[in-house]
Each structure stands twice: as structure tokens, then as C-alpha cells.
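What follows is chain A paired twice: with chain B in the first complex and chain C in the second.
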Partner chain A sequence: MNAPLLDVRDAEIVFTARRGGVTRHIQAVSGASISVARGQTVGLVGESGSGKSTLGAAAIGLQALDGGEVLFDGTPMPAEGSPAWRTLRRRVQVIFQDPFSALNPRQTIGQSLAEPLRLHSMGPRRSWPDRIAELLELVGLNPEMARQYPGTLSGGQRQRVCIARALAVEPDLIVCDEITSALDVSTQAQIVALIADIQKRMGVALLFISHDLGLVRAIADRTAVMYLGRIMEAGPAGEVFETPRHPYTRALLGAAPIPDPVLEARRERIPLRGEIPDPADPPSGCRFRTRCPHAREECAKRTPLPEPAGGAIVACHFWREITGTEDRS
Partner chain B sequence: MTRLLPALRILAIIWVVITVVFVTLRLTPGDPAELLLGPTAGRQDVQERLADIRAQYGLDQPIPVQYAIFVGNVLQGDLGESNRSARPVISMIAAAAPVTIWLIVLSVGTAIPISIFLGMIAAARRGRTLDRGIRSLATLCMAVPSFWLGLLFLQWFASGLGWFPSRGYVAPLTDPGGFMMHMALPVITLAIFLVGTLTRFVYTETADTLQRDYITVSRAMGLASRTILFRFAAKNSLTPLIIVVGVEIGTLIGGAVIVEEVFGLPGLGRLLLGAVMSRDYPVVQGTILVITVAVILINIAAEMLYRYITPQARS
Partner chain C sequence: MKPLLEIADLGVAFRTSSSLIHAVVDVSLTVSAGERVGVIGESGSGKSVMARAIMRLDDPRRTQYATSSRITLDGRQILALPEREVHRLRGDAVSMIFQNPMHSLNPAFTVGQQMDAVLKAHRKLPGRDRRARIVDALGAVDLPAPGDLVDRYPHELSGGQRQRVMVAQAILCEPSLIIADEPTSALDVTAQDTVLDVLERLSRDKAIAVLMITHDMGVVARFCETVNVMYGGRLVETGPVGDIFAAPRHPYTAALLAATPNPAAPARTLHPIPGTQTTRRGSASTACAFIARCPHATTLCKQAPALRQIRANHRVACHYAEELDLKAAG
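Presenting the complex of A and B:
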């Protein structure tokens, strides 16, 4: 019984989009694997358009796969509508970026929170008001708020309600998709502190998607770095942030300020050049090669497979040489 | 004061409308007295009769005086008498109004369920062939001129196939079957136009709602897609439909005028058109006044109904 709670294996997701009469096959996720152990927080970082949200949706069965598989508790994703699917719907929850879009404007906060209780028959109906009050308190809101409509709440308050709604059914895994990016900076910190605290107290596992590296560093046990549909590097958060091995991770860290002054002083600055390529027509071989300062002929020919590198895994042909030379200089 | 303001605004709108109608009528060429007398009007010996007619209807007065009399009468609830038949305008309107009301109510009643059905299906199948088909159809419905469509229907189903009577009207209480037969083609003609507008509206609203994160969250929590479409998307998209129908009522009355003319229905539209042709000033003024008041009242009612059924709009 050592199977991880969530195990995504070689996921492939291709979107077919028609634009101006031209059909494009967008390779949103290409052979990406990611796993989350019980009670663990896994950060998923990468630039916009790298496929993080798509992978996150696939992880909880909201996005069909075109290849690979998703195992939850060692079991493949059940068919939509089956009894196993219903159970799974209680065990995984999702919180999104935009708290304004995440609550039905026509429902009171109490009604929004009662929805998961009703769907999963969580206790007798008359116990719900108390449960809702308890949930609101858990996320630091006044239980009186149950009677209000979302229109009267601030972004931070709404996001707290979304967290409460996700917690209502006591899930095993919550996918947090950029849950702080729509909030102002001080609110961001509060929400992260809240979710980290709840995570510890309740032991729920988190797949924490973000492009804020500082945030992920603060909250995640493990981190996966995604680029153009592929996982470039994954491993213990400390290791990935302190000894990044993949040129993309290094570039990302080079672009973002590091709160730790020692690391900030020591790090190299390799700016991330250019734009992320079109996912409908990704580069051959290594997908990062068009922007990689170390790219060579080999990189266009062969796709680098993830291989163990210390406690992490790295998908680069030349990570050994690169970490060797750059760290010496 | 704040409660009084909307009432004042409504009175101002009504005043502007009737004044514009009054002025436009006097600026339009064509003398009501001459039109009343017919082709003989140009001859010398009828000048006296013309003067009589003008005096009888107050048309010999200077225009500002006519205006003052008109407004004064309106304020007393008197819309005057027809220049042609001498019947009280109010009773002419009372006789014609039910026809128009039936036409509009039946058209709206037909168009709403069809639009909801088409709009929601298109939104649920967004980007697929069915969606594109429905939306093209809606655009077509809006683009086709009602009078042309009406004439086409008359040609095909009334004259050609003989399924429906071609023109005229029977009151529903006199002969319910005949009423339905006479109303069928006009109602379909007007409903088609309305289906175009309303389907597009339902589509936009539903597609927008379906994109909201709370829909995805509900799906993640285990709510079936069908339930989501009917429970959330329907509720959230359909309530603004009330407002749209309220706003469209003006356009709809415009459409009704055309449809009544094409199908020979003795409604307000025909009354108005006939009165404009014969420069029957009191009838034109009275009909427009009544229509304006009706449109305003319907808009207010729609607004109130919307507020009543959307609790979050009240706070």
C-alpha cells in the first residue's frame, strides 16, 4: 500500500482548435508524469501556456486523456457517472484562480457551501447550518456571512469561501490552480498561510499550481517544473530550488527574485530569452531547445527522457555538464 | 424626491413623444380636410366645405393653439375624435388593442420556449456543428424582413395550399378555431423575428455562465452536466431574458404594425397606419400616446419582475 495518492503517468492531452478555418492540434500535455503522496504538497510551476491547468484538470478526471493514465489511490480513473466516479468526486476537490467566477452570484454563501454537503449526503440536512458555520470559522470568516451573496464579499473573502467549499467534503486531494494570482499581495500571503495551515491540520494533499516560484518554495514539499506540456524537472522542493539542474529551471529561477539573500547573491543570472513556442507546433527533440543557452544539434534530434539526478529527476541530455561548468564558474 | 424622479422622467418621455408626433404630423404634407373630401377637394365650390371641416375639427386654429388644446385634452384623459369617422379615439383604440395584444402575447409565448431550447442547446454544444447551425439560423431569422416573410407565408400557406385564411380576424370568444387559424401565420411571422433575437441572447448568456469556474467546480463535485445546464445555467441566463423581452417590446410593436398590415389584422398597427395615410391627427396622436405608455409600463414591469426574482440584484 505504498502507492501514491495521485499518480499521473505519461499523460497526453491534445486539443483540437479551429481558428480561421485552420485546424490546429495543440499539444497541451505531452508525456507528463507527476505524483502526489498522501498529505503532501506538490508545487507545479511553469510559464503561462505550459499546460499546468490542463494537467491539473486531468489529475482529478475533469479532462480526458489522449494517452497515459491517471491512478487515484492505485485505481484508474472511473467512468463518468459510475458509483466509483461519485466517490471520487468527494475525494478530490479543486480551487480556481478567479474567486469572482468561482461562486454562483445567485446563491448565498451558505447555499454554495451546502451544495457539496447535499451532493455527497454529508450528514443529515439539519446538521448543515452548523457545519457551514464551522467551515466559515475554519477559513477565518464570520459564520454570519452564510446569508450574504458573493457580490458583497471581497476577493480574499471569496477565495476563503472557495477553500471552505473544497474542505466541506473532507477531500484527500485539492488541486489549487493559481489560487492567489487574482488577489492583491497582502491577501495572497494570508491565503497561502491559511491553506498551508489547513493542509497541516487536516493532512489533505495539495497539487499547488502557480507561476509564483517564491510561493511554491514556501509551501511545497515537492516541485515539478513544466514547460510546453512536458515535466522538465521534478524533485524535493528544496533541491529543485537550491540546486536546479535543468536549464529551464535555472532560467526560471534566474528570472524570479529569490527571497533568500544568500541564494540571491550566489545565483547566476541567465535571462529567459524569447517567447514560449506554439504548442500546436512544438520544437522537435527537447522542447526547450529554442530558448536554451546550451542547446546543441543532439537536442533537436532526441527527446531527453526524465532521468534521476540526485534526489530529483531531470529531462535534459546535458544536465551533468551544465551543472558542472556553470557551478564552477 | 428620489421616488418622484422616475415618475417625472416617465412624464417627460411621454410629453416628448406626443409633442414630436404632433409636430411631425403638422410638418408632413397633406391636408386632412382635403383628404377627407377626396378628389373633389381641388374645385372652387368646395372651399367652403373645406373651411367647415377645418372649423369642425379645430384645424383652422393656429398650430400653437391646436397644440395647447390637444395637451389640455390629453391631461383630462380625452383623446378626441377621429377626423374621419367622428368616433372617439379611445373607443377605436379599445377595439383595436386586443388584436395587437393577442398577436404580441402569442408571438412572445411561442418564441420564448423555442429560443430557450435553441440557445441552450447551442451553448452546451459550443463550437460544434449544431451550435454553428443554430446560430446561423438565428441570424437568418433576424435578417429576414417580416413583411417579406409574411407575404411569402400568405403566398404559400394561404393562397397556395389554402391551409389558412389569407387575411382578416375573428375574435377568440366568437370563434376560437377561426381565431387560431387567422392568427397562426401572423404569429409565426412575428415569432420568427423574435426567435432570432432571443436565441442569440440565451446563447450568449448560457455560454458565458457555462464558462464560469463555479460550473467546473460543480462538475468536479459530482453534479451531472445536464443538471448543471438546467439548474444553474438556465436560472442564471433566463432571468435576464425578462429584461430583454421588456426592452424588445418596442421593436415588437414595430413588427406588429407591419405584420398586421400584411395580414389585414385590425389591430393598433393598422389603425395607426390608416390614420397616418388619411392624416387623421387625433387617431395618430392617441394611438402613439397609448403605445408609448404601454411600452413604458411593460419595461417597468419587466424591471420589477427581474428584481423580484434575482435576490442579489436587490441588495
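Presenting the complex of A and C:
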């Protein structure tokens, strides 16, 4: 079988932070694995603070690991600054939530788009103006816009520029970290339709991080669910959304409002107890156990390892019991 | 029964150095006591300006209310009151909650100190009673250990907890109306769910009306009984939530629904609304607000359609409200 394009294996990331004179070791990512095949869209969901952005940064080499490894095209991350590292920096791109701070206000849109071309020596300099015009058209903007400054653009237009900039260097993978959270519904739909279309036409793979479950369902082929640094469930998007097996996935889906009052009134809600624990002092065993409605003694003693469940993988000791008859057949 | 809040023919324009911006044009809506009413529309459609007008929060030197505008709250003519009296209503009979609780909370003061400042401004109570009332309010929004929480600082709380502190602060003086301007847009699904739960329970138990401003059709379906759809500063459709979701009668409402992702629907493409909303400068336009982006527009639409009743409590501003087959189009 072909190696996946991106393969993160048992990643560990610990931040050291001082607060009130005490040093705290924040376990942002703990033994998390995620892979993205060529041309695939993988959604990564979870509450805020669950480690999605940190894992996304690690996936593209912007965040060092304290354990585990990241394989790109089957090869480990090259040493920072090496020629192989520079190539990798071209092949993986990232787009962030805030299109306002992502663009330099003193550079024209054209200058912002020329930068990655120069950085990665993409063709001769005289080809750049045409390439920039082409990129702007690709993301649905008027090529004339190259002369404008970001201050004159709307949030949606700026996010299109950020997408164009990521595409400029013909990457194989783009990490999209909450790219529509700052936009309203109709702009969000435009951006998602655009990125889905580009994805199809250019075959670029996406790691699509979002806490909007509906959005992930609309765009992702596969979905991974993260909680307090661990992947709780991962699998084909349809399967994860239709037959969620992990209690956390079920609770998360149960909290998302449905834009249809009839279905909304019938939505099965699973109240989560308490608040997310301190990542510097996570619960023993299953990290979800302090809020899980099914937790019992066993859950504090042993850490559930991800195991196959249908076409997905689930990290819960009791998922079979919890999902009932459905999985006994 | 007389409504708690009645907005009639509201027009709000802002004077800028170069032109006049018509943020809200001819909006009329009512909110009954204890009712949960939604206002939805994309960015720039005039939702916040309309909401701020209820408490006259915009700078009077730059803000122009149309002469026919009336805002009646519990019998009081808000637009005609002296500023001193409007000031007294804010945080008392009417409370507001905004999107980012960090902007409304001062990082240098404890939760209890800030809430006390609000309470002191409106009620003459001994310190001990005020503290008891603050602790009660924090408990009413499901915050754990409210007795300890009063002495914590905002940065020690999560985003969802901070927003619940804002809700607790909003109910201190037992308001009859809470205006919530995108209170959950910055929160993740679970924190949003808790905030909406708390607001819904308060609304039911204490008969507090809530005007919920949002971008999210899911929040409307989850929380509201009635919804008002705004576009281009105008109200384009209004009615019971069930009716409007089952059969939207304005092309803009249908387009918004088609652009909304649904976690319960099988994977599907989102249908973006082509184009963008433009700023309304100069003289107010006489065409339908949605004309530039509407797939059904005809020459008739160059005349603004009036908001008219098509069913009980369901009003639409579209010439073709009865004829269009919008479900099929969405």
C-alpha cells in the first residue's frame, strides 16, 4: 500500500509555562496519530484547547515534537534549514483563522503573493505578474486587486488572498486552521466551496481544523475527534457523524444545534459533566473520564488505546456496550 | 396583550465625513414579555445597529434616527427620553451581552468587583446583600462553586465561563429584556450549548425576553420562537421559526438556509450566496434590498416591496413571496 502523504505517529507535545511562580507542563498533544492521504480532506474537530492547532502545526513542521514522529511522503521531517526542509516548507502550507493579521498591511496584495514565489524560486521573476493574476482569478478575485492594500479588502476577500498565497507554491498539503471562524455564514460558504473546488481540481490534500461540526461534515472525507491532547475517534466522515461510537464524539454531536427546528427539537443531547480539566494535570487513564457519562473504575486505571471499530478507530474501553446492538451484528 | 418592546419604522443613519450611511431602514418588530426572538442576517445587514438603537448606544453626534422612528419599551418612548433616563435603563430593565466577554470584563478586577459595580449603580443595597445576590446570579448560570468564583479574575476562567459571568451580570437587576449580540459566536459547540441552555432557562423561569442576534441558523432553530431576517438594513422576512424554516418565503432567507452547514445532514455542498452586500451610502435606495444578488429578480423589483402579511404573524418583503418555489431552488 502507498504511504500516506502525511503520517503523524504517537505525537507528544509538552509546553512548559510558568504561572504564579510555578512551572507547569502542559500536555497539549499526547500520543496522537493522524494521517492524510494524497488529495484527501481530513477534518480535525474538538473543543477549544483540545490540541488541534498544536497538532496541525506539528504536521507541517512548525512545532517540534517531544515524542513520536511526523512522516511526510514516508520520510521523517528533515533537519531545520536543510535543503530538504526548504522543499518541505513549500510542499506544506497553512492558512489561519484571522485573515486580518495574516497579511502585511504595508504590502500590496501583489507583493504579498510574490513573496512565496521568491522564497521558493518559483519560475523566473518576469513570470510572476502573470502567475499572480492567475492565482487571483483562481480564488475568484479580480486580478486588478494585486495593486490594492489589504486594508481595502473585506474579511472574505482577504481569506481568498491567503488561499491564493498558499496555492502559489503548488503545495501537496494545506493545513486550514479555523479558516472560516471569523467570517459570516455566506462568506464561509463561499470560502468552503472555493477550497473544496480547488481541492478537487488540483488534488491538494487538506487537514481541515474546525470546531464547526456541520462544516467539517460538509467538506471532509475523514474526520478525527480530539480531546485533551488525544485522538478519541477517527474514521470516514459519514461513519463518524452517523454512527459515533466514542462517548465524547456523541456528546460533541449532541451539543451542535441543527438548523432545522423539527430535527433540533428531537436532537439527542448528552450533557457533559463539569469543565475540561487542566492540561497540565490531565486525568489518569482515559482523559475523558471526568466528564464521561459512562466512566467507571477501569477508566481511571487504564488508558484506552485506539482500536478498530467498523471502518473507524475508537479509544474507549466500553464503546461496544455503549453503542449497543448496532455493533454486535 | 401589549408587546414589551415595539420598534416601529426605525431608520438609523450615520454621518461620516463624506456621506450618510443608511445602516437600518424602516424596520418594525415587536418582542413580547418572555419571548425569545432571533435576528439573523449576514455581516453588515444592520443587526447590531438596530439592537444598539434600543438602548441608544451610538454616539448621538453622528447618529441620525429617522423622524418617524419609534421605539417603545414598556410604555416608554426610548428615542424621546432624556439621556439620563436611558442611562438608568441600561443594565437594569434592559441588559446587553456581546460577542467577546473579554472586552466587557476588566482584567484588573475580580468577577465579584465588576458585578458589584453594576449592582451598586442601580440598587441601594447593603454590601452583604449585594454579595449574596451576585453569588445567586452566578449559581443561576450554572457556574460551579459561585462562592469562590466571585473572587476570581476573568483570565482564570474559560471563554464559556466568562460568557456565563456576563449572563449572570445581565440578570442582576432582573431585566425584562436581554439583548444578546452574538453571545456564542466566539465559543465552541459545548460552551455554546451551555450558554444557550442557561439563557433559555432564565427566559422561561423569570419571563425575561431575549433578543438574540446571530449569524447561525442553528442557534435560531435551537433557541428562538420568532425570527427576523435582515438584509441591507431592512427586515425582509419575519415570523414563527417553525414556519420560516419549513417554508421560507423570501429568496434571501432561502439562500441563507442553503448556505448553512448542517451536522445532521449527509455530506452535501454548501450553496454560497453569490456576490456581497454593499454599503448603503447617499440617499436610501428605492429598490428591493436583495435585488443585486437575487436569482429571481425582475424589473418590478426596482420598486422596494413592502413587508406584507402572507400568513398569521408571517410577513415577507418580496413581490413574489407567494409564487416562488424556494425549497426546490435551495
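Here is the rule we use: the second predicted complex is superposed on the first by the 313 of 329 C-alpha atoms of A that agree within 3 Å, B and C clash if a C-alpha of one lies under 4 Å from a C-alpha of the other, contacts with A are read in each partner's own complex, and residues count from 1 in each chain.
Here is the rule we use: a residue touches a chain if its C-beta (ideal position, glycine included) is under 8 Å from a C-beta of that chain, and two chains touch if they have at least 3 such contacts.
Everything numeric here is computed off the predicted structure, so don't read it as measured data.
K.L.:
Once the two structures are overlaid on chain A, check if chain B and chain C clash or fit side by side.
P.N.:
fit
K.L.:
Counting residues of chain A touched by each partner, does chain B or chain C come out ahead?
P.N.:
Per-residue touch count on chain A favours C.
K.L.:
At the Cα centre of chain A, what angle separates the centres of chain B and chain C, to the nearest 10 degrees?
P.N.:
Placing chain A at the corner, the angle measures out to 70 degrees.
K.L.:
Does chain B (first) or chain C (second) touch A:Asp130, or do both, or does neither?
P.N.:
In the superposition, A:Asp130 contacts neither chain B nor chain C.
K.L.:
Answer with first, second, both or neither: which of chain B and chain C does A:Asp278 touch in the superposed model?
P.N.:
After superposition on chain A, A:Asp278 lies in contact with neither partner.
K.L.:
Looking at A:Glu307, would you say it contacts chain B, chain C, both, or neither? Reply first, second, both or neither.
P.N.:
Once the two structures are laid over each other on A, A:Glu307 reaches no partner at all.
K.L.:
Taking the superposition as given, does A:Leu119 touch the first partner, chain B, the second, chain C, both, or neither?
P.N.:
The first partner, chain B, only.
K.L.:
Note down the smallest distance between any C-alpha of chain B and any C-alpha of chain C in the overlay, whole angstrom.
P.N.:
12 Å.
K.L.:
Once the two structures are superposed, pull the chain A residues common to the chain B and chain C interfaces.
P.N.:
The answer is that chain A has no such residue.
K.L.:
Any idea which chain C residues touch chain A in the complex?
P.N.:
42-43, 144, 158-159, 161, 187-193, 196, 215-223, 241-242, 245-246, 255-257, 259-273, 276
K.L.:
Would you tell me which residues of chain A are touching chain B in their complex?
P.N.:
Interface residues on the chain A side: 18, 60, 62, 81, 85-86, 89-90, 92-94, 96-98, 101-106, 112, 115-116, 119-120, 149-152, 162, 165, 169.
K.L.:
Show which residues of chain B lie in contact with chain A when the two form their complex.
P.N.:
Counting only chain B, the residues touching chain A are 127, 211-214, 216-224, 232, 235-236, 310-312, 315.
K.L.:
What residues on chain A touch chain C, complex-wise?
P.N.:
47-49, 154-156, 183-190, 192-193, 196, 211-215, 217-219, 237-238, 241, 251-253, 255-264, 267, 269, 272, 274-276
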